[in-house]
Structure formats: structure tokens, C-alpha cells
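Two complexes, one shared chain (subunit A), two partners (subunit B, subunit C).
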Partner chain A sequence: MRRFLLARLAQAGLVALVVGTLSFALMRALPGDAAMRIAAGRYGPDAMTGQAADKVRLELGLDRPWPAQFLDWLETLARLDLGHSLVTGAPVIEELKVQLGASLWLAAAALLISLAIGPVAGVLAGLRPTGWADRLGLAASVSLRAVPPFVLGLVLILVFAIWLGWLPPAGFGTARDLVLPALTLALGLAAVSSRVTRDAVAAVARAPHFAFARHKGLPEAVVVRRHGLRNAAIPVVSYLGLQAIYLVEGVVVVESLFAYPGIGHALVHAIVERDIPMVQGTALAMGLIFVAVTACVDAASAWLDPRLRSAR
Partner chain B sequence: MRIAWFLAAALAALSTAVAAKPLKVVGPWEIAGVDPAQSGYVFSRLQVAETLVTADTSGRLVPALAAAWSVSDDGLVWRFTLRPDAVFHDGTPVTAEAATASLERARAGVGVLTQVPIAGIAGDGRDVVIRLDKPFAALPAYLVNFSAIILAPSSYDDAGKVSRIVGSGPYKVKSLTPPLKLELEASRGWWGGEPGIAEVSYLAVGQGETRALMAESGEADLVFSMLPVSVERLRRNGKLDVQIATIPRTRILKVNAGSPFFDDAKVRQAVSQAIDRAGIAKVILRNPDLAATQLFPPALAGWHVPDLAPLGRDLEAAKRLLAEAGWKPGSDGILERDGRRFSVTLVTYANWPELPPIATALQAQLREVGIEVKVSVGNSSEIPSRHRDGTLEMGLVSRLYSIVPDPIGTLLQDYGPGGSDWGAMGWSNEELPALVGRLVGMSDPGARAPLQRRAVEILQEELPSIPVTWSELAIVASKRITGVKVDPLEVNYGLAAVRWAE
Partner chain C sequence: MNVATDMRDLSIAGLSVSGGAGPIVRDVTLSVRPGQPLTLLGESGSGKSLVAQAVMGSLPPGLTASGHIRLAGTDLLAAPAAVRRKGWGRTISLLPQEPWLALDPTMRIAGQVAEVHRFVHGRSAQESRLRAEENLAEVGLDRAGTLYPFQMSGGMCQRAAIAITHASDSALLIADEPTKGLDAALRDGVVERLKQEIAAGRLVFTITHDVAVAGALGGMIGVMLDGRLVDYGPAEEVLSAPTHPYTKALLAADPATWQRRVPTQAGAPVVTGRALAKAYGGRSLFEGLDIEVSAGEIVAVVGPSGCGKTTLGNILLGLAPAGSGTVERQGGVPPVRFQKLYQDPPAAFAPHQTIRRALADLVGLHGLSWGKAEALIARLRLGEHLLDRRPGEISGGELQRFALARGLLLDPVFLFADEATSRLDPVSQKEVVELLLEIVRDTGLAVLLVTHDGALADKIADRAVLLDRPAAWVSRRACDALTTGLAPCF
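Now for the complex of A and B:
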């Protein structure tokens, strides 16, 4: 166990360094004058001028050679400091707290809703492949997946906010605000996770040990619970881990449709505005979340599947 | 009896809930940092912070924190006398020292005050005294700009940076979650009295369609900046009031008059005559009246010249002018001169959603006279950036003429010597900069009028920038509220005067 944790910590450290360096290098490689972009981000097109960009360049020392700027970043990172946003001037950590925090809430809500829909529908479909539940599930999955999230979100707003008047069409801060964006994301996720579950369950249901459990006379519910779900869960858990990361990385379209202050929205702005500390901080946080989620998925898989533990 | 008590308690709870209900305001503007030069307009419009001078909805300068002002006979020393009853939200009085500090900071930053020839700012009793290097009659108008808001000393951190907004307006900041949300409450100490609604909540919603849906669902009471496509639908909604104001913003085609394509005024006039402004205004903006027949819209009295020959479409005249300038159609219909094809790049940006579709409309219209246009939609900083390195050929920009309520402020910046980022490029004209230079020193409207007229005439003949359309601002208010007034200058939304309808 200790070796597992130490290995993951080392992995996290490496990810931090690589991600930070890569985002620095990529941001430097982008065409366009950084001072101009930052000034446009700060002052907007009405007040943005070449002189404003010159002041920004001077203030931030953007004309210094890039190794000096990179060393600065390394030094602040070593102090566990992510620096300040070049555009808003606020500490990056504060912005991450708000925006990453908001994204985590949204991701958790979306994942929970999708769990309540996807795997349940998948199990029902997988137990009776080509049955009516399977066919219905396939049709729903294909149509939900085919609709772009932007359109799905608008349809949900029209139904729940305009016709029924139950939920606000946009905003954030309360649980009511979270429902529609989370549902928009969850339906798209459930469309795929239900099919992954369905295939896993169908594979298990075809397996000899499953047939044996039935033949030895166990009730169907016990067969499914004891011999079906756990085995089928292994690929599903790995897949859900991927979905969780996809969610945290931000679903820009849904965030901007619902005026939700997520990390995807923040990252797009930061890249457009050449806000390097913000991009580095965001990429870093996302990289670490990726490490944490894969660690959780590995741990959960090991718990579900004893073979993985003995192989180690 | 018990039921009656319960009902009474429930009613009481309900009524306090109604009283504490915030006024929900939705607009497209995100709050990127609290520095006044960056987001001061949000705090000014929502009446959190105030300037010394402000403007009413007709553009007339009226007192705000300064009750009165005067200028010395030589025009070099301005005195702004603070009102005695103004206090900041932290309870400290608004002093001349605090105002001086805020203005000094604005002058050192990137706001409009950097364009004023200020020699020094000092406090003198209750007066803020601004000394100038040379007469500058438009100074009070410059003080209306949001970058000149007056903040309490407690707004600054140790490094002298603004870390929070402690203003003097009817509303104070309750909580700020950048970039999207700002919650306000009545400050209880405003010199103008108590606001009608005690709490205001502002949400930035970038998507125009979502803003319309916020209004329709009743989740927002006041929504700013609706897309033209939504306006018709919202007008039919019985629960909403749609108000439209013409704002001093013009979409112009900035052309590089120093490039071999546009150095001849005839070519610029030909481009202007190739543009179907009415079509663009009708189809994209849904209002044919927004076709710009000259630079300034009719609402800008003194700057709109009604009897000026209007800019309009005339393809034959355009082709004739191009031929006179030496451009002849090549084998594929694209004009050529001395082996050079008339093929240019039009740079625009998507901060305003209507700009890219207008750019593609211009592309099609200019093709009809043999000009090939490639449209490039990028970041707004491309315009100043390519102005500076001289690679800009054409740019479609949306230019605001009320950054300072007196358009002379923007003219001074855009058409002064050497042109500027959002104005003239590579254009040489002696008369206009001289006129603008004289106008900034003059305050008498009667004396200014003929000079303003001449300036507009030069811009119309020479077309250093080619006006395409004017702009309007659509505001949607729920019928639950009354007292909404549209401010075409977007200085102050007057939320303190809004009340719940009976």
C-alpha cells in the first residue's frame, strides 16, 4: 500500500513539472503578441490600445528573456505558489478555488445523475440482450449522443425553465442552478455508459460461471448481485473514471450556455488572453486530478477484482 | 385560532421574503479583475462607485460627487467642489485627498485620463484642484469615464493596488465572485437617498440566447444587450417591456490609407459605395434605420449633420471611381493594377457577435465591384497589433464614441496626428487634427458647432474609416419593476430609481 502511494506521489510530482513546462512552452509558441492579448483581456476592445499593451509589457516584464520568466515560475512553484493571474491580478489559487470548485460540483452532480441512469439502464439491457429494454436503450443512447450538448441544453431550458418554470435557465450558487447543466451533461454521459455497462453485463451473462450459478439453483436476483454486478463493474469503473476526468476538464459549451463559472470557461479565456500563470495553474490542477482519479480507479478495480492484486 | 396564527406567520414570512428579494440584473459583461480601468464600468453602471462628474441620458454633464466646478480664466486650473454629505461605504467621508488619490492612480494607469494634459492634481479643503499644461475644455467629460471612479482609501492593498471596491454610491458590494457574479445591497448612506430596491444581484451571461431565456423565464428582472434575433420574440411577451436606445457606437471599416490599395480617397469612396448598408442593417441587425449614412448617429446632436450627402450604395459609381484610380478587371473579374490583384484581408473579432456576419456580407458585396476580401476572425487585439506593425489592410471594428461623453474624446484619440489603433491608419490630413486640437480647448457649444460640422464633413469626404452601421442597445425589463430608464451612454443604469411594481 505504501509503495502504491509513494509511486503515485512521484507520478504527481512528475506530472506537475511536465504539465507546467509544456504549458509554458506551448503558450510561448503561440503566434501573436502576449502583451496585446493580455491588454485586450484586461481592458476589453473599447479601451484596449497599443499604449495599454506597452504598459502591460513593462509591468509584467514580458520583454525579459524566456528562461528568466520560466525560472521565475519554477521558483514560485517550489514555494507551492501558483502566482497571480496576469489579467485579473488575483492569485491563481483563488481563481482555481472558485472555478475548479464550481466544476467539481458540476462534475459530481452530472456523474451522480448519469450513474442513476446509465448503469441501471445498461444492466437491464445487458441481462436480456436484444430484448425491448436493450432496443429502447440503444435508440435513446444513439439519439442523446447525436444531439450536440448545446442543443440538448437549450431543449432542457425550454422545457424546465420556460414551459414548466421549475428551474432557472442559467446561473450558479444554489442547487437549483446546478440541475439543468448537470442533467445536460449526465444525459450525454449516460448515453455511453449505459452501452458500456450493457456490453459488460452481456459478456458476464454469457460466461460459464454465470450459467453455473443459475444451474445450481440460486435465485436470479442473487445471481445478478453476487456473480454479475461485481464482474461487470470492472470495465464500467474504468470507463467512469475517464468520464469524470472529461467532466472536470470542463465542458465549455455547457458552461457558457448556462453561465456557469467552470474551469473549462476559465481555461479558454486564459489561453486566448495569454494568461500563462492561469493556464499553468489550471493545467497543473487538472493533471493532479487526473492522477488522483486514476489512482482511485486503480484502487477500486483492485478491490473489485482479486486477480489484479495477486498479479502485483 | 391556531390556524389563523399559522397563516399570519406564513404571510409575514412571505412578505419579508418579498421585501428581501433582490433585483436580478443580467448582462454580457464579465468582471475581469476589480481594477477600475478594467471593470470600473460595471461598478459605475450598477451605482457602486461614483465619479466627480456624470452625464444624464441626453449626454449633458451633471454633478455627481462634485457638486460644482469652475475653471480659471486662462483655462488651466479646474476646481471641483465635493458635496459635503458624500460618504464611502466604510463610513469614512469622501475627501479631496481620497479623490485626488483615485484620480492620480487613474492618470498613471491606462484609462482616458492619460490623454489629458494634466500637470498636477491636489486637494484644497473640499476642492479637488486639477492643473493643466494647456487649456482642455473637455476635462469634466473625461472625469465621467469609469476609470476615474473615486474609491475609499480602504479599497487599496499595501502595494497600492485596488483589492476591493469601496465606493460611495447607493449600493455597496455584498459579495463578488469573479468573473460572473456580483451581489449588492443598499449602502444606507448615499447622498441621493435610499434606493427603491434594497438588494441587487448581477449575473454575467455571455450567451445572448441564454440572456433572452433568462428574461422569458422570469428569472431575471432586467436584462441588457439582447440579440436582434431575440428582440421580436421578446416584444410579443406580455410580461416583458423591451426598450431600445440608439447608442453612440458605430461599426466602421478601418482601412489602411497608407497601403497601395487604399491610399487614394477615390478607392475608399468606391468601397463605401459598394456597401449595401441597408441590407446589412435589415438582415443582420433587424433594423434598416441603423444603416450608417455618416459616422455619427442622429442621437449625437451637434455631431450628426442632417444635411450631409448620405453614404449609400451605387455600384456603377463605385466601378467608375475604381477605374479612375487605375484598377481594371482581370480575367477572373478581380481588379488589377500594375500586375497587383485587388485582394485584401479583412480582420475582425467576435467580442461582438454581429461583427463576423457583417464581415462576410462585406466580403460578398465588395466582390461585386471586383475586390477580393479574405475574412479573418481573431482576437480583438489583432487590430491594434496589426495597426502597429502596419500589416492591417482592412479591419471591421465596433467603435464607441462615448468613452468620454463628448465625442471629441474619441476623435482626439482616433484622428489625431498619426492616427491610432481604432481610428485612422496611414492617413495624412492636416486640417482634421488641427480642428480637433482647437475643439478640445473650446467649451462654448455655439462656437464649436461650425468646427464640429467641418470635422464631420472631412471624415465623410476622405473616409479614413468607412462607416457601415450604427448601433442600438436593447434592454428587457420584467413588468414586475418600474422606473427603468435607458442610458444611451451606458454610464449609469439608474438602478436606485427602480421599484417593484404595485
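Now for the complex of A and C:
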């Protein structure tokens, strides 16, 4: 357990270093004058003058050589100080709290909805491969997955917000605002997780130990519950972990679409405004979520599968 | 263990099993009585498993059984599938083949026994737990209840499966290839357990291709070939005075009855290992081992499963590193002329590729001529028509001969045959071994024969290396600690 946690901590440190370095390098590589863009972001497009830009450059030390700026950043990062947004001047950590919090709500809602659809549909399909549930599931999965999330989102907005008028088309604050963006993400997730579950269940149903559980005389429901689900869950849990990560990345598009003030939204804006501390802060938060999710997935897999516990 | 007191015979009369293409099993008549077990012998595909599945009521979809199967006075075939399934774990129980695969890998053994009491016999959770402990104690596993299957040896898994059938407390026990994949020591242990079941008054119906198992169990023996029962009678009679030619071939195929091969004049050393040592998972497999295989020589490595036989062969081939020591291969010979013949032929071929394609690819890769492949195929007595089939569509013996042809295409000087015949039925094993001996005699091939079959090694090898270590995935210490001493640790 101790080794497990230490290894994960080292992983988190490495992620911080890589994210810090990469995002700094990427931002430097972008064309255009950073000081000019920041001035525009701060004082409005009218202030996009050489004077305002020079002021910003001097104030933020953007005129110093880049290695000095980079070392500065790494040092503050080591102190767990994410710095201040170049644009709003507010501490990055405060901005992250608000935006990451909002994103996590969205991601959690999407994951919960997809869990209620994907694995359930997958188990029904996998127990009777090539049965009607399997075929219907395959058709639904392919059609949902073939549609990019922003098209799916627009279709949902059209149907539920504009034609039916049940839900708001965009916004943030209430649970009602959460439904459409969460459903957009959830349908895409369930489309794939249902097939992964289906294959896992079908593989377990073909396994000799599943047949033996039947031959022991156990009722079918007991066979599935005691010997099917746990074994089938092993690959599915790993896959759901990947999906959770995809979610945090995927929210970038969907949040912008629904004007939802989450971390993806923040990242897009920070990139547009060349707000280096914000970009690095958000990327770092996402990277650390990645480490945390994989750690949780590995722990859950070890709980499900005793063979993994002994291997460690 | 209590066995139901109302015991009657199992009688099978005029049983046929048919699929879409017509009958696969025809007109089989057999019976099992308390104290008089029945063992069905035959190669894979002979229909013996279908007979067992027809009795169990677990025939694959698309196959139907006709005739009569009576157990305790009721005709099983007349009952609908749902009713027959109710009998599983109550009147009929199955001892599965390869129990290490048949046990749920994610559940502790005690739970897998207790659930039979709980969900089949409807007992309380606590009573089920207590009874499961008793069942495990009956097979000497009273301290193994908290283990998972992957923590137990093959023999312990086999005993756990027997404990599960004890929990069922059924009148009829069907043992489906109970010794498949077990080495000789484990095999004898399983046979002992089955004899205890017979002595306890259970009806025992065993399917096997191992003549020795059939002989040890006694009772009645049936021999199946191509879906028909070609020989049937008391064990001593069938084994001592077989009437059908196939039964005779089957008995003659037992390596114990073979003539000992006359050692040939050995040539120069092809592979030499000096002071080899290897440890696996903190356990030493062998230390200070010297081995030399010369041209035209067959050197056997014999020992129970898990003792490091395959590892030794892989070290000599250079597929695995030695822990310490040196391996010397004949100088100037390219590595591809050191070949390996694998244990499980279907696993050694790409499943969706025809045999012709597999061989043609190899011929193309090494710039050989197809004529050479054709000559080898003829030499190994394989028909041209088999070339256009996929690995799953020909018998294990034929596939292993193709694997041999594939290896011989590269003109090997050394062949590591890793349990190359242990998954074949005895008749096919004999064919493959005879062909291999011919090749050795004609080409001076050096062979390292890894086997758990002491009789086979004794009859064909010039020399044998005995690797004698406990067969276990757990260490010997753990294995001893888990058994009470009543039963041998197998």
C-alpha cells in the first residue's frame, strides 16, 4: 500500500514537471506578441496599443530572457504556488477551484448517466450474444459514436431546449443546466462502454468457470451475479477509468458549446489570451486528475481481481 | 460424506446424438451401477464427451439426443431442458476437466463450495459455511478455504472441485477428462479420489483418453471410435483381450508397452549447458545442472509440472536467460536451425490462416522451395487436402505433424520438443513419436524431449535428466502447511 502511494506520488511529481515544461515551451512557440494579447484581454480590444503592451511587458517581466522566466515558474511550482492569472490578476488556484469544481460536477453527472446506460446495456447484450438486445445495442452504439459530440449536443439542444422547451439550451447554476451537457457526454461514453462490457460479459460467459457454475446447479441469476459480473467488471473498470479521463478532456469542447464555465472553458480562454499561468494551472490540474483516476482504477481493479493483489 | 440412499443405476440405451449434418453418436448402450463404475475411452472427436453431455443435459445448441437415459427410474431425455437443469448439483454433478480453469479466479475456494449448499440446497449462510468447511476437510483442504484458485496447485484445484461435488451430494458423478493436463503423480492422486467416490457408493462415469486411468478405476470400460461404441465390457477383459482393432491400437499406443529404442552412435555436441541455474519467483528450479545434446541423440528431461523442464529447454534455445552458467551452441550454425515444437498445437498456429498459407509464408520468408515443403508433408504422411484447412479443422495429431514439418523445413540441427505429444491421444502420440524417431535416425537431428511421461522417456531417449521438484504454483512449504498430512500433497 505504501509503495503504491509513493509510486503514485512520484508519478504526480513527474506529471507536474512535464506539464510545466511542455506548456511553457508550447506557449513560447506560438506566434504573436504575448504582451499585446494580454493587454487586449485585460483592457479590452481598444487598448491594443503599443503603449499598453509595453506596460504589460514591463510589469510581468515578459522582456526577460525565457530561461529566467522558466526557472521562475518551476520555482513557484515547487512551492505549490500556481501564481496569478496574467489577465485577471487573481490567483490561479482560486480560478481553478471555481472552474474545476464546475467541471467535476459535469464530469460526475455525465459518468453517472453513462454508467446507468452503458454497462447495463452491455450485460444484457453480452449474456445473449447476437440476440436482439445485442443487435439493438450495436446499432445504437455505432450511430451514437458516429456523431461527433458537438453535433449530438446541438441535436439535444434542438430537441429538448427548442422544440420541447423542457431544458435550458445553455447556462450554469442549477441542476437543470447540467442535464443536457451531461447527457451529451454520457451518450458518447455509454456507446463505447456498453460494447466493452458486452465483450467482457460474453468472454466470461464462454469461460469454463462460468459453465462449471451452471453445472454446479446454481440458478442462472446467481451464476451471473456471483461469477459473471465481478469477472466481467475487471476490464470494464479499467476502461471506465480511461473514459473518466476522456471526459475531463472532452469537456473542453462541450463546455465551450454550452457556455458552461468549467476548466475546459477556462483552458480555451487562457490559450486564446496567452495566460501562461492559467494554461499551466489547468493543464496541471488535468494531469493530476489523470494520475488520481488511474490510481483509483488500479485500486478498484486490485479489489476486484485477487490475482493483481498478489502480483504487486 | 453421505450419499443419497435411494440409489439406482444409470442406464443408457440406444443413445444417438445428431447435429445438422446427421448423427454424430450412434446407438450407444451402457450402464453404471454402484460399485461398478464406467469409463469411456476414445480420442477427441470420438463422441465420448457428447455421451457425457447427453447424460448431463448440457449438449451444445444444435445437437439433439435420442434414445433412453434412465437415472433412478426416470427417463432424462423425456424431460424438458429446464427440468433437467434442476437436476444439476442435486442428482448429477460434474467434475470438470482442468479444474484450475473451472474455478472462479476471483472467489475464495470456501465460497465456491459454500454456494452449492446455499443456492442449490437452500441452506442458511452460516450452515453453508460450516458444511463447506467439512467438504474441504474431506479432501484434505481444511486450511485452504481462504485461498484463491491461482494460489493453489493443480492437484489442490482438482481436490477443491471434488469438494464441490461432495457438496452437491448427488448420486451420479460425471468426471470429464479428470486427468487432462496432470502429470503422473497428480493423475494417480485423482484416480485414488475417484475410487473413494466409488467405494462410497456413488455412480461414477468417467471420460478419458488415458488407458491407465481406465484400468485403475476398474468396473466397465467402453471404447468409442467415430461416434460408435466399438468395445464394451469388464475392465480386465477389455484391457487384456481387446476384440476391436482400434482397442488393440489404443493399448499398443501406451508407451509402457513400446520396445526400447536402440541408441544410435551420437555425433558432435550440438548444444551444451554448463553449471546452469535458474530461480523463479524466489524458488530455485535447478542449480549446477550440466546437460549436453549431441547430433542424432535424444535427451529427455523428465519431472512433474512446475519443475522447470520447459525453462531448461528455453535456456538451451536462448529463449530465456539462465540465472547463471553458460550455454554453448554448435558454432557456425544460424539460430533458426535450433527449433522448438510446442505443447499445444492449436496455440502454435495462427487460427484464421490455412495451413498452406502458414507454410507458404515460411517458405517465402526463408527463400526455400515449395517442393521441399511438399516432400516433408508426404514424408510425415499428411494428405495434400489438409493444407487448405485451418488449424481448428484438423486433428491435434495432424496439426502437430504439420508443426513438425514446419520446424523441419528449416533443416534444424536441434529440436526442443516441449511436451509435444502430451495433448495428443495415445494413437496420435505414437504416430508423431515414430515419425520423429525416423527423422532423428535419418538426419542426425539432436532432440531435447521434455516430458512428464517417464515411460515415454524411458523407451525413446538415450539419456534422461530428472528434474524432481514439487509440482506446485505455491512453494512446497506452503503446500505442506495447507494439507493435514492425511492426503499426499499433489
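Here is the rule we use: the second predicted complex is superposed on the first by the 305 of 312 C-alpha atoms of A that agree within 3 Å, B and C clash if a C-alpha of one lies under 4 Å from a C-alpha of the other, contacts with A are read in each partner's own complex, and residues count from 1 in each chain.
What we mean here is this: a contact is a pair of C-beta atoms (placed from the backbone, for glycine too) under 8 Å apart; a residue touches a chain by one contact, two chains touch by 3 or more.
Quantities reported herein were computed from a predicted structural model and do not represent experimental measurements.
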{"item": "Combined model on subunit A: subunit C and subunit B, fit or clash", "value": "fit"}
{"item": "Touching partner for A:L257 - first (subunit B), second (subunit C), both, neither", "value": "first"}
{"item": "Contacts of A:M36 with subunit B and subunit C, given as first, second, both or neither", "value": "first"}
{"item": "Partner chain(s) touched by A:P168 [first = subunit B, second = subunit C, both, neither]", "value": "first"}
{"item": "Contacts of A:A90 with subunit B and subunit C, given as first, second, both or neither", "value": "first"}
{"item": "Touched partner set for A:T21, first subunit B, second subunit C, both or neither", "value": "neither"}
{"item": "First, second, both or neither for A:S301, with subunit B first and subunit C second", "value": "neither"}
{"item": "Which superposed partner A:A213 touches (first subunit B, second subunit C, both, neither)", "value": "second"}
{"item": "Touched partner set for A:R230, first subunit B, second subunit C, both or neither", "value": "second"}
{"item": "C-alpha centroid angle, subunit C to subunit B via subunit A, nearest 10°", "value": "160"}
{"item": "Shortest CA-CA distance between subunit B and subunit C [superposed frame, angstrom]", "value": "49"}
{"item": "Residues of subunit A contacting subunit B in one complex and subunit C in the other", "value": "none"}
{"item": "Of all residues in subunit A, those that touch subunit B in their complex", "value": "32-33, 36-37, 39-53, 55, 85, 87-90, 95, 98, 154, 157-158, 161-162, 165, 168-173, 256-259, 261, 269, 272"}
{"item": "For the subunit C and subunit A complex, residues of the former touching the latter", "value": "56, 58, 85-90, 93-94, 96-98, 101-107, 115-116, 119-120, 148, 150-151, 161, 164, 168"}
{"item": "Subunit B - residues contacting subunit A, complex", "value": "32-35, 37-38, 109-112, 114, 147, 161, 177-181, 203-207, 209-210, 213-214, 216-219, 349, 351, 379-385, 387-388, 397-398, 400, 403, 413, 420-422"}
{"item": "Residue numbers on subunit A that touch subunit C, as the complex places them", "value": "207-209, 211-219, 222, 226-227, 230-231, 234, 304-307, 310"}
